[in-house]
Every structure is written in C-alpha cells, then in structure tokens.
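Presented sequentially are two complexes of chain A, the first with chain B as partner and the second with chain C.
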Partner chain A sequence: MDKKISVKVCLGTTCFVMGSANLQELIDTVPAKYGDKVEVSGVPCLGLCSIDWEFSKAPYVKVDDEVIKEATVEKVLKAIDERLK
Partner chain B sequence: MFIDIDCSQMKKYNQNAYGDYFVSKRYPDEARLVAVLSDGLGSGIKANILSCMTATMLLQFISNDQIPIRQAAEIVMNSLPVCKVRHISYSTFSAIDCDDDGNAKIVEEGNPEFVWLRDGEVLEPSYETIQSKTFKNRKMKVYKIKLRLGDRLIFCSDGVTQAGLGGGRLKLGLRRDGLIVLLKDKISENPEISSSELANYIVNQVRNIETDRRPKDDISACVLYFRKPREALIFTGPPYHQEKDKEYAQMFKNFEGKKAICGGTTANLISRELNVPIRMDTTISVGKLPAISYMDGVDLVTEGILTLTKTLEYLENGTLDIDNAAGKLVKFLLDSDCIQFMVGAKLNQAHYDPALPIEIEIRKNIIKKMAGILQDKYFKKVNVQYM
Partner chain C sequence: MVINAPRQTSHLKREILIRLIKAFYTDDFGENARLIPYQMRPKDFEAPYRCCVYKERAILRDRTIAGLGLSIEETDDSIHMAELAKKVLDREQPEEHPLTVLQTACKGCVPSRIYVTDLCQGCVARPCVNTCKFGAISVKNGKSVIDPDKCKNCGMCAQVCPYQAITKIIVPCESACPVGAIAKDENGHAKIDFEKCISCGKCVSACPFGAVHEKSQIIDVLKNIKAGKKVIAMVAPAMFGQLPCSPKQLKAAIQQLGFADVYEVAQGADITTQNEAKEFEERLVKGEEFMTTSCCAGYNELVDKHIPELKPFRSDTKTPLYYTAEIVKKEHPDAVTVFFSPCVAKRREALKTDTVDYVLNYEEIGAWFIAMNIKVEDCAESEFKTESSAEARNYAVTGGVAKAVKTLIPEEIPVYPVVVDGLNKQSIRDLKKYAKNGVCELGNLIEVMACTGGCLGGNATVNAFKPALKQLTNYVNESKSLKEPDEAAESK
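Let's look at the complex of A and B:
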C-alpha cells in the first residue's frame, strides 16, 4: 500500500466536549500498531456538528473519507483495520 | 502613544490589609487616563479605609470632568481630617491625569516626589505649590508636564523611599536617590521593561532592603510608561452573513500587529479564504483543552468557546502562567496594549444541544466579559467589533 491512511480527529468545541479529548491515545497507539501506514492528527473542526442531519453524533473522526460518528478508539481502530484488509 | 500603567504593592509585615491604595481609569474615547495612589495613616484596615476613600473620591472628582484635577486635589487636601493622636493628616496622595499625546497634570500631597525618566536621565520639572487654606502644615505640588515617547513616570509611597530606615546599611533609608539608582540600573539592563515588571522589581528590591525582608510600612510602586502601542487582533466566530467571509478575512490579513484565531470553524474559514494551510500539533488535548494549531502569518490558533471560557477564568483569577491553549491566549493578550476583537455572530446549533455534558457559553457574552476585565483589571485598550 502506497498511500497512507489519514485519521483526522475533530477538535472543534462540540466534538471535544463530547469526547474527542479521550482519543488522545490514538496518537500513541496507532503508530505503534500500524507504523507509518497510518497518519493521525487533530483538525480544528470537521464542520460536521453544524449539519442538521448529523446533529448530536459527535465526536467525529474521519478515516480517509469515511466519517465515524460517536467515535471511540475501538471504532477508529476497526475502521483502519477494514481499510488495511 | 500608549500609556502602559501598573502598580505593585506589598503589605506591611504582619498586616492583613494594604494601607496604600491605587486606582486608575482609562477613557478610551478621550484617549485619557487618570490614576491615584494614596497612602493612609498607620497600617492595616484603618489605613486601608483611609487611603481607599481618598483615592476613590479623588478619582471620582477628576474623572467626572466636573472639577479639574488641581481643584479636586485642593478640596481633598483642605478637607482631610487630622489624626487626633499624631496630628498629621489622615492620608497622602499623588494623582495624575494624562492623555495619549503626553500632556500630563500631576498633583502630590505628602507622598514622595515622583520620578520622571527620559533616556536614562531624571528630569526635574518645575511645580507650583498650593498652601492649604485650612491646615498650615499642608501643601500640595502641582505639575504640568509634556511627556515624550519612551518616558517613564514612577510614583511610590513612602514605604519605598524609607525602606531600610535605621537599619544597618542605609541609615536614612533608600530615599529617592536610592530609588533612582535602582531604576536606572534596571532600565539600562532592560530598556523595554514593561510597567508591571518594573513595578514588581521595585517592590521586591525594596523588600530585600528591609531587615529580615519584613516591610516596616506598606510598599507601593506605580509605573507609567509612554510607548508605542502593541496592537493585537483576535478573530473569533464566523460572520453572521456568510457572503462577507472574504471581506472579513481580508481585514484580518491586512491588520498590522499580532493576530490570533479562536475557533475551529473560524480557522477553517480564514484558511479557506486566504488560502493558508493549517498545521496541527501531534497532541489532541493539553490540560483539558484542545491543542493549538498553526497557520503562517497568524501568531496563535486555538479552539473557540472552551478556550475563551478558560482564558476568561485565568484572567479573572490572575492565573497567568499555564501551559495550555488558554494560557497561551492569556500571554498573547497581556503582551498587547490595544486589543481588537472581531466577533462573528453566527451560532452553532450543536452547542446548545441539551445532550452536551457541559454548558457552552455564548461567544458574545464571553467576549463582553473579557473586554471588561482586560480594560479594568489589566488596563488594556479594547475594541470589540461584531460581524
């Protein structure tokens, strides 16, 4: 696989209070598990909470183009695994 | 010119209240500043009440613009009672009324003479003496001076000039000459030193002179520094009308001075309109706040409401040295003199979802409170623009 998988954790206000603060461990666990195949970073805001149809499903994480609602470390790792299959 | 003003104080040893009182008020519309330092007779609560009354009344008189500083001071001088036990007046004071062009009127009654420093030299301005009509031994000095860029004025209570009195090294105390030596040394070492640093330095040095570092009197040092203003702009929240994003982003870009963005959506907006990428740290949170990010040409990029709420809390409590996004914003604000807020009025509905575990404040309210505290407690010039 050439292209890195990108994981973007939303650090906007809504996501942060809804739990993206707890995703800090991804920063350490992901490189440990997948090496340099996956890149994790925070982003100022994915702009998803303000869209009505996704209302109150924060925190959001984007794994490449896939949006993960109510993200947890497990959900994010699962999404990465699926992509690496 | 910007007038950087601050006062540092220390209580007399073993007292639980300050016997000196300092008040100041800025009038942004008139580019004017009024400040009063008063020293109450004795120490502790009694002195605190006396000095507080003198200082606040004098400030009220002057600032209402009803009475010029000279007459106001004269009224106070003539009416201050005399202590029955010690036969001296209940309090002494220094007051200054100055503007951004450097015009200053100063009155002193009983306090040590102020020090006027220009290019490392002390200037000795002429003054007029006004004798009290009611008390023989009471008189005040009235100065009218013109200040230049880089000038400093230092006011202090007699706790400074009489520090170390009767002790080993300085039999007559520090005196005004000793204070001038301290000031000149410090300023030559750090010519750009801020008023708050210089005031703190004076107070700490004076404390060191006192036997066992126990002040025998209340110590106050007030510094005014006339310098070029340090401008700062904070852009927070998206504009109410989206079609104006570009216009406001351009204003942000064209601003000369330090710049900060508070808000994830806001950062994306500026990044999009100005075509500047955002870079993130490899951390997600620091001290319960989202980590900061980076943009070329912007000095600080943080999350919005949570960081602003925390910043307001730090400013209110005087916690100024915290290593998180809010701590950085506090430093950003306090290192500036003129602070402009561009506040977007657009609300994010998601912030008011009752499912959120904490209550999220309304941006406008936080900024309003922050502007007030920056003005009143930290003596900044603040301008808020809603968009």
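Let's look at the complex of A and C:
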C-alpha cells in the first residue's frame, strides 16, 4: 500500500493566533473524509514563523513536504486531493 | 450555528497589531508605525483585495490608526503618522467610544435593498405586484421592476414570489446589530449611533470587510510597562480557552510581557456568585417574580439604554471584574490595572469603573506574544495565589453564571434558571415582555449573555468556540467546586 499522506497543522502560538485555531477542525474532519489514507495531527511550532517577518504568512500547515502558507481549510483539503489524484 | 467563524479580516487586524507593537519597541516609533502599510504592501506587490497597492496602503494606514486607539472617522488623512503616534503616547485616557469604522471599506458593500434577480419569469399571477402595499413594483419588458423611491424595504414581495426570484440584499453590520445602532448613511458609509450602541461587538464580527475596529489600548499599556509602572493583569475566565497552553503557563507568559502580577477574574466571580445568590433569595422572599444577572456588560448597556423598565429586575450585584479590580487596587494601590477581555462591551464598563485602567482583548494579547516571540506552549508554569472555584471559572460559558448562583441558593428556595444565549432582536423582545408583565413564564433566574455561547463567543476571541469550550471545561473540571466534593461528583 502507498505511504500515508501526512498533514501537520501547526498549533504553535504564532500560527494559533493567526488562524490555526480555526484549522483544528481538520483534525476531526480529515480522518472522517479520507479514512486511513491521511494522517493528520496538531504539532508544535514548525519553526517557520520566526524567520524575519514570516509571522505574517502564518498559519502554516505541512502536507508531506509541502508548506502551505496562510493556510485555510480549503487550501489544505485541495493539497490533499492533489496528492490523492 | 457557527460561533467564531474563521475570519480573514482578523488576520489583517492582528498583523497590524503585531507590527505596531514591534514598532513601539524601536527607537523611532512614529516612523516605523508610518512604514507599516508600505511593509505590508511594498512596491510591485500585487494588490490582493483592492484595485491597487495605493488604495490598500491607505486602508492599512486607517487600520493602523485604529490600532493606535484613535478614531478613523475623525483622523485627517494629511496628519503625519509620527504626530499621531506622539498624540497616543501623550494621552492619559483611552477614547470614550470603543469602536471606529473604516468607512472607505464600506464602498464595496451594497446598501440594503430588494432586488429582482434573473429568475423572474414575468408570470401572469404577479403576486409581487399585488402584494406590494406601496405600489413599488411594476412589470416592464416581461420582468418585475422595483421603483426605489417607493420601495420601503419590507420584503413582502420576496416572500410571495413562487420562483424565489426576489431577494433582499442585507448589509451585514445592519442586520447583525440587535438594536439598530449601525446603518449606512447617504454616502454608503456605515455609521454607529453611539447613543444607541450597546458595544456588543456583533458588527465587528459580521462585517466581511473588517471595517469595524476596536480602538486598541495596546500602546497605552506598553507605555506604562516601559515606564516601569507596576502593571497588573486581570484575566477573564474565557482567556483560559484561547491559547495553546495551560492556565499556569499562560500566567508565566503574561509575566514575560512585563506584567508584575496576574489575577484571575474568577476570583471576583466567586464574590459575584455569593452576592447574587443572597440577593436572589431576598428578592424572592419579598415576593418578586424574577431576577436577571448583571455580569454581562453588553446586557447592562442594553438595559440602561433600551429597556429601563427591566432595571428593577436586574441584580444590583457588581460584576466579577469590579470585585477583582477592587481587590487588586486594595492590595496594590500603586498598580495600573489591565483587564483581558473577550469583547468590546467590557471597554465601556472599564471606562465607568475607576479601578480598571485599561482593557486589552485576546487578539491584542495574542499579537503581543507574537511580537515578543513568546511561545506560550514552551513557558514554565506559574501558580495563581488565589484558587478560584470551578463555578467561577465556568462563568465564560453560557449558562455558567446561573448555574453558579443556583449552587449557593438554599434548597427550600425554588430556582428555575433561564438562559438568554445571545442578544438579538427576538431575545430583546422577550426581555421587554418579561419586564412589562413583571413575570417570566420560563423561570425566575434569568442569565443574559450578549454573545452566543457566552464570553467564549465574544467578538475578540482567538480560539474557535468548540476547542475553546473543551479547553476551558478541562480547567473547570480540575478546579474545586463550591459544592461538597461528593455532591459535585454526583451532578456531573
């Protein structure tokens, strides 16, 4: 079987305040939608926010190696769908 | 229903706050505040929302002005940002009205009206024409046409069209306001009537352009900390559901911002519960039919401004913030007190309460942590000096106040709590009815919360409602109940 897609929702302070608070629903909805093809979890600071002014691009979500900036539920689901194609 | 839906506009507002705080800590606050719009929209940047970067910069400048705690409407474009920054550094008190509208953003938002869509079939029955009491509809070229001069916006035609071809275009802020305090003026700019406004913050959340801003007091607080004053934070219970850390970590994180100490407002809530329970008992013994709570600032303004006949039924007990601030000022007469609030309404309450100097909301606190690069989840734990009860910490959840008060009322007194979970036109009608009839058929202890979900649904919260509720509930469950331990376990 193929390797599982990994989705990491950053729940560090910066991402949380800049919007990942609203991405927490993914942790419930993604498994419900994709079953065991996708593994999703909330993770501590990915270390992307402290570089220069990059806080302004938070929240960050990592789908496998791809970094999604200013992540929204829609962007994350799209990235998952792309990979499942 | 979704409480605290994700908002792109919050991202912008928070980014500006972060940049403003960073600017404050540089050598040239005024100049660096001036540069914020240019840094956010540099040359050659593709304007994501508006026609061009110039317009976006102008709008970002206005948002920065709100971040400085000034009125956007009253601030002239030509005044240099450095001058504004100086004005803010010199002021002693925050401005009276807590809200300001970025009116240039309102341009793209269509005024409320009735609109005939392409679905109109120009049918034979023409119920729209027949229903309109004002003769505003006629059929031209086989389609219904509304005469704007005659239309009174009643929406009857929209209800009767069998094709649902007619819709009512709503203005989000107008339709969210429970008391009709905000409306577009003749130029299409939203304007708040502060005589009517109860500071509920619903327009702040509703506007899709993020046009309604709270005037921030962040610079005032930073200034006091920088001056080496003893600044003390008073944290409302809702805060403990907002950030990815434990309550004790949060305390440590707040101290890292420069606060001398942190008090839980739950401490004051424990006093509110006691006094309100006593008051309820006395009132019932006197033969009164019902009493309402009095801890929600939005509700209190509603009663004062719009339903004075409800005053005799509202408890005279003070709010948790009042008691907490009293304790803090007694223990530290030299302290500058800052309340950490989930909503706009508390800014009004603070203005009327001598012991509360400033108010910051959770967006501002979050932005401050980011600006200082404090990761709350990595902070050590710091203990609170006073333990508050589970019931007090649960004040932030709708129904929590009534539940707490009920706990302390002797068994022989019959208590029937009624929860008004959010103010809207309907719940305001209900409240008026109770006042008029002098009785509420649903119960005798009415808890009123202006925000749906309670304080966790406040306009300036950071966390989504559900996870916030889960996080706060964990804290409540590990706190000691006012009831005997065995009883508490039973009622769970």
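Please note the rule applied: the second predicted complex is superposed on the first by the 81 of 85 C-alpha atoms of A that agree within 3 Å, B and C clash if a C-alpha of one lies under 4 Å from a C-alpha of the other, contacts with A are read in each partner's own complex, and residues count from 1 in each chain.
One rule holds for everything that comes next: contacts are C-beta pairs under 8 Å (C-beta built on N, C-alpha and C of every residue); 3 or more make two chains touch, one makes a residue touch a chain.
Since the structure is predicted, the reported quantities are computational estimates derived from the model, not experimental observations.
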First, second, both or neither for A:72, with chain B first and chain C second: second
Chain B versus chain C as contact partner of A:21, first or second or both or neither: both
Which of chain B and chain C A:47 touches, first, second, both or neither: first
Partner chain in contact with A:9 - chain B first, chain C second, else both or neither: first
Common interface residues of chain A - those touching chain B in one complex and chain C in the other: 11-14, 16-18, 21, 24, 44-45, 49-50, 55-56
Residues on chain A engaged by chain B in the complex (per definition of touch): 9-14, 16-18, 20-21, 23-24, 26-27, 41-45, 47, 49-50, 52, 55-56, 58
Chain C-facing residues of chain A, complex: 11-14, 16-19, 21-22, 24-25, 44-45, 49-50, 53, 55-56, 70, 72-73
In the complex, chain B residues that touch chain A: 263-265, 267-268, 278, 280-285, 288, 290-291, 293, 301, 303-306, 348-351, 353, 355-358, 360
Complex contacts: residues of chain C adjacent to chain A: 4-6, 10-11, 14-15, 18, 39-40, 243-245, 363, 366-367, 369-370, 373-377, 462-464, 466-467
